[in-house]
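Each of the next two complexes has chain A plus one more chain, namely chain B in the first and chain C in the second.
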Partner chain A sequence: MITITLLALSLSAEDINSILEHYQKNIDLQSSVMEAKLVIKDSLGSSTSEIRSYTRKGGDTRLDVIGGPDKGQKILKKDSALYLYYPDSEEIIRLQGSNLKDSFLGSDFSYEDLTRDNDIQKNYEGTLLDENGYFHVMLKAKNRKQTYQQQELWLDRNTYVPVKTILYSASGKALRQIESSDIRNIDGSSFAMESKVVELLKNNSSTTMTITKIELNTLIKDSIFTKEDLAW
Partner chain B sequence: MTLSLAYRNILRNKRRSILSGLAIFIAAIVLCLTVAFQEGMINDMVENIKNHVTGNVLIRNKEYGEHERIMPLQFNIPKVGDVIAKLESIPNVERATPKTSIPVQLYREGKTQNAQAVGIDFATSGFFNQKGTTLVEGTLAKEGTKECVITKTLADKYSLALGDKFTFLSKTATSGSNGMTVTICGIARFQDSDVEGTSFFLPYDTLGRMLRMGDGSLEIQVFTTKENMASRIEESLQRSDLEIRNWTEASIIIKMLQFTKLIYLFFEIIFFLLASTVIFNTTMMSVQERNKEIGTMVALGYSKRQVMFLFLEESAILSFFASLSGSLVAYVLISFMHAVGFDLNAMGGAAVNGMNFSSWIYPWLSYKGYLSIILLGTGIAVLTCTIPARRILKMEPAVALRSDC
Partner chain C sequence: MVKKLLLVSFLSFSIGSLFASISIGGKTSLSLSGNKDTQISTALTTLQFDVKSDELKGCFALSLQTDSITKTTMVSLFKAYGKYRNGNFQLLAGKAPLPWGGGSYFNAGNLLFPDTATIDETYYVPTTYLVQAQLGIMKGLYIETVGLLPVENTKEAIASRVRYEIGTPLLDSVEASCIYHFDDKSFWYSLGISGNLYFDMGLYAKTTAANFIDDLNITAFAMKFFPIKDNQLLVRGELSWKRSGLAHLLMVSATISDKLIISAYWLDDTVTGTISYKPLSGLTISLGTSYETTWYGTAQIKWAF
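Entry: the complex of A and B
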């Protein structure tokens, strides 16, 4: 009896590791260039912005605002540092400390979200809560550095894309909910083309991101990820 | 008749009369000075609030007022130029000027510091048309440029000089963020402690562009030649989306000041009551010492009430002249202090930032103020003396005539 229980537990542990491996594979790309539309709504109104993002292995990210009221702004995340370029500013701003918690383009994403380390297996311990319908997974941070100390995921059983995610604070308070839809397979990786982020601590606040263009494992010039290039 | 008698009685014992009046005299000086400081401070605050915060009438977007706590910049007054043109055509409106004041972050050497960006029309704003504001260096910023005027305090704090540039960051009307680099074209010194802190001024259209407000501004300050013009302006503008308030309603500080004035009046009364105890004592002693005189007067046909009024007249004359002379001395002192001024910061005034206090106070008391102190001093002294004087009403003339004094 004990042997069977141990075997079941070990099988379960293997399962969660395999699930997280698949999940990681979807977000672990050599590089990507993506264009997306952000529709930001709150109790006082709504606005739309368009962004183009460049990412490469290692986490370097560059975001250019290509449409909407903040057109021309650029953001670079490099070596865990975040730099902002504003067309009216003559210097590149390095964002740090509490400013990282500020909203990105007024959306429900913070700058801190952009600087997150995406290596789930390295930073989180996973537990499979349920596998009926979706893989219902709870991730607990291995260290205090992580912005979200807990993440609750509902992963699609076929694509391992989270269709619903709830992000929690250290005290266990639900902060944000992300719902994803329109899952597509692009060059062997699965992506949700539409995601809706709801700030759970605010009333009537949501951001819907729709990917309009995506290229994976494409060659991106190194200069894109330099501070100097931001001002060009 | 009794008045000249009362006057003679006061002069009969000059030393005691002077001593009695001295308390009222000192109280009048102290109260005049206190009220002059209070008035000077309040007058300056009112001036600062009108010039820097409200104007005579303050106009804002109604929805901005409802959500002010979260500073929703999207609820600005669009096409502010058109609204101002309409306002300036209303009789008794002297001028209308746009203003957008928001907390921002100064970006200096990788660090951010809190500051206040104020977007104004330099030609019409009350900020640079006020006594006590000095442009220490440079010029005012020109419309549409990325120039700014900073306060002397800000210049000293961050070692900024004329021609230097700095970048500031802010939330925008579209809920995003923006940054702008501006060049310092002027350095000014303000007496309003709220402004002199870490404020900097730039053209309202430049700030509006940076905040994604287009041709809008958060507020319009209307300066009028008549008070309480809000309802008249409301009728003329016919704009239900705007909140139009008189300066007395728009500033919470003014409401607090009105209450403070009542508290001061209470203290004035207490102070004069304390000073009147000396006259009270003198009157009581007089009544006791002048028993025979009271008896004689009643025997000669004066009514007891007339005799009592004689004593009260003595107190009134004494306290009136004491209050008058105290006020005259105070007038000389206040006139001197008004010309010289007092540095409030040197007296710990920095602790009251946030209430539009001026860093320099020029004590001032109106003639009405002097008159009210003289009347208050006299009135309270006479009222206090009615207690010992009423003993005369109970006195029997025959008993009084037989007494030793």
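Entry: the complex of A and C
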């Protein structure tokens, strides 16, 4: 009986590892260039911004605001540091400490979200809760450094794309919910072209991100990820 | 001199425009302010054109301002410069901002714009005519030399800054700068440090060799975001010490929603309160009041496009 239970646990562990490997494969890209529209809504109105993002393996990310009231603003995440460029004063400031908790473009993302390490298998321990309909997975952070100490995912069984994610604080409070749709296969990786982020601690607040253009594993110049280019 | 400088700027601007991306943007604001005795209405529009390629960049921004007292429209050049870069080297010529030091109101680290403090940094950025060369010597270490050109009200000066970006969670950067003013033959020196220790903070000091104590000015800022239930509270404090006395700014800003922000400033003897509402993309409606010896009110509509 004990042997059967251990065997079942062992199979379950292999399953979750395999699921996370597939999930990681979708987000583990050599590079990507993407343009997206952000529609930010709350009970007092809505606003729209357009962004262009550049990412490369290792986590370096650059975001340029190419449309909307904050047009010209640029953000660079490099070596775990985050820099923000203000076009009027042509000033680059390093975001750190409490600044990271500020909202990005007034959306339901914080700057801290942009600094998250995407290596799920390195940073989280996974448990498969259910596999009827979706792979229902709970991820628990292996260290206190992670912004979200728990992530609850509902992964599409064919594409391993999370159609729903709930992000939790260290105390177990649900902070954000992300619902993704319009899953497409692009160059062998599955991508959700539309994601809706709901800030669960706020009333009637949501951000919908729609990807309008995407290129995967494309060549991006090293200079894109430098502070000098941010101010250019 | 002015013509030559503008020629350099526009030449760079034009060369860049031949093979570069172009972007156009701007913002406009309508304000009504005053008390029961005096009222003034002001309209301000800024238009900016940018062109750039990998090596060249040009920027041209104009401000148009009119008010109910002078009843004239004043057109001023906000920015007009050409910029060239090659590897770790950058060269700029024209009218441009130069963000040295740190602090949104008091900033002893900025020797080039020492008396241009403003709370609303978004709508007032000081620019001047200059030639600037910047060289990245090694990772995080930059040296800059700037010549201020005697155009309009700018006094001729030459300045230099060395900045090292440490980039650790505790220490962000250290910088040292100096400026020589040709008119009164004076040298000013500045030292600064910024980092994070519970608060995001910066400390800057400037003085002259001739009157070290009398001219000494030390400024410091500290800021922190506090999440409170659904809202976010930003607290920012700034101090400026001179031998003549201590000046302070305390700012508290509460984000009730991403569309509604309530702010209050306490700057020496003046208290200001503002409610800003953003009903649509780029549109901000603000109502404010301030008190020094009498009450003063402001209503403003801003649109960024």
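Keep this in mind: the second predicted complex is superposed on the first by the 231 of 232 C-alpha atoms of A that agree within 3 Å, B and C clash if a C-alpha of one lies under 4 Å from a C-alpha of the other, contacts with A are read in each partner's own complex, and residues count from 1 in each chain.
Assume a contact is a pair of C-beta atoms (placed from the backbone, for glycine too) under 8 Å apart; a residue touches a chain by one contact, two chains touch by 3 or more.
Quick caveat: nothing in here was measured; it's all calculated off a predicted structure.
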Partner chain(s) touched by A:W232 [first = chain B, second = chain C, both, neither]: second
Partner chain(s) touched by A:S103 [first = chain B, second = chain C, both, neither]: both
Partner chain(s) touched by A:N118 [first = chain B, second = chain C, both, neither]: neither
First, second, both or neither for A:N17, with chain B first and chain C second: neither
Partner chain(s) touched by A:N158 [first = chain B, second = chain C, both, neither]: neither
Residues of chain A touched, compared between chain B and chain C (which is higher): C
Partner chain(s) touched by A:Q30 [first = chain B, second = chain C, both, neither]: neither
Partner chain(s) touched by A:N203 [first = chain B, second = chain C, both, neither]: second
Which of chain B and chain C A:L84 touches, first, second, both or neither: first
Footprint overlap on chain A, comparing chain B with chain C: 40, 42, 44-45, 47, 49, 68-70, 88-91, 94, 96, 99, 102-103, 106
Chain A to chain B touching residues, read off their complex: 40, 42, 44-45, 47, 49, 68-70, 73, 84, 86, 88-91, 93-94, 96, 99, 102-106
Residues of chain A that touch chain C when the two form their complex: 40, 42-49, 68-72, 79, 81, 88-91, 94, 96-99, 101-103, 106-107, 201-203, 205, 228, 232
Chain A partner contacts - residues on chain C that touch it in the complex: 23, 25, 52, 57, 83, 85, 88, 90, 96-97, 99, 121-122, 125, 136, 165, 167, 169, 172-173, 195-196, 198-200, 223-227, 229-230, 232, 234, 255, 257-260, 277-282, 304-305
Chain B residues within the chain A interface of the complex: 63, 67, 72, 74-75, 105, 107, 110, 112, 146, 165, 167, 169, 172, 174-181, 210, 212
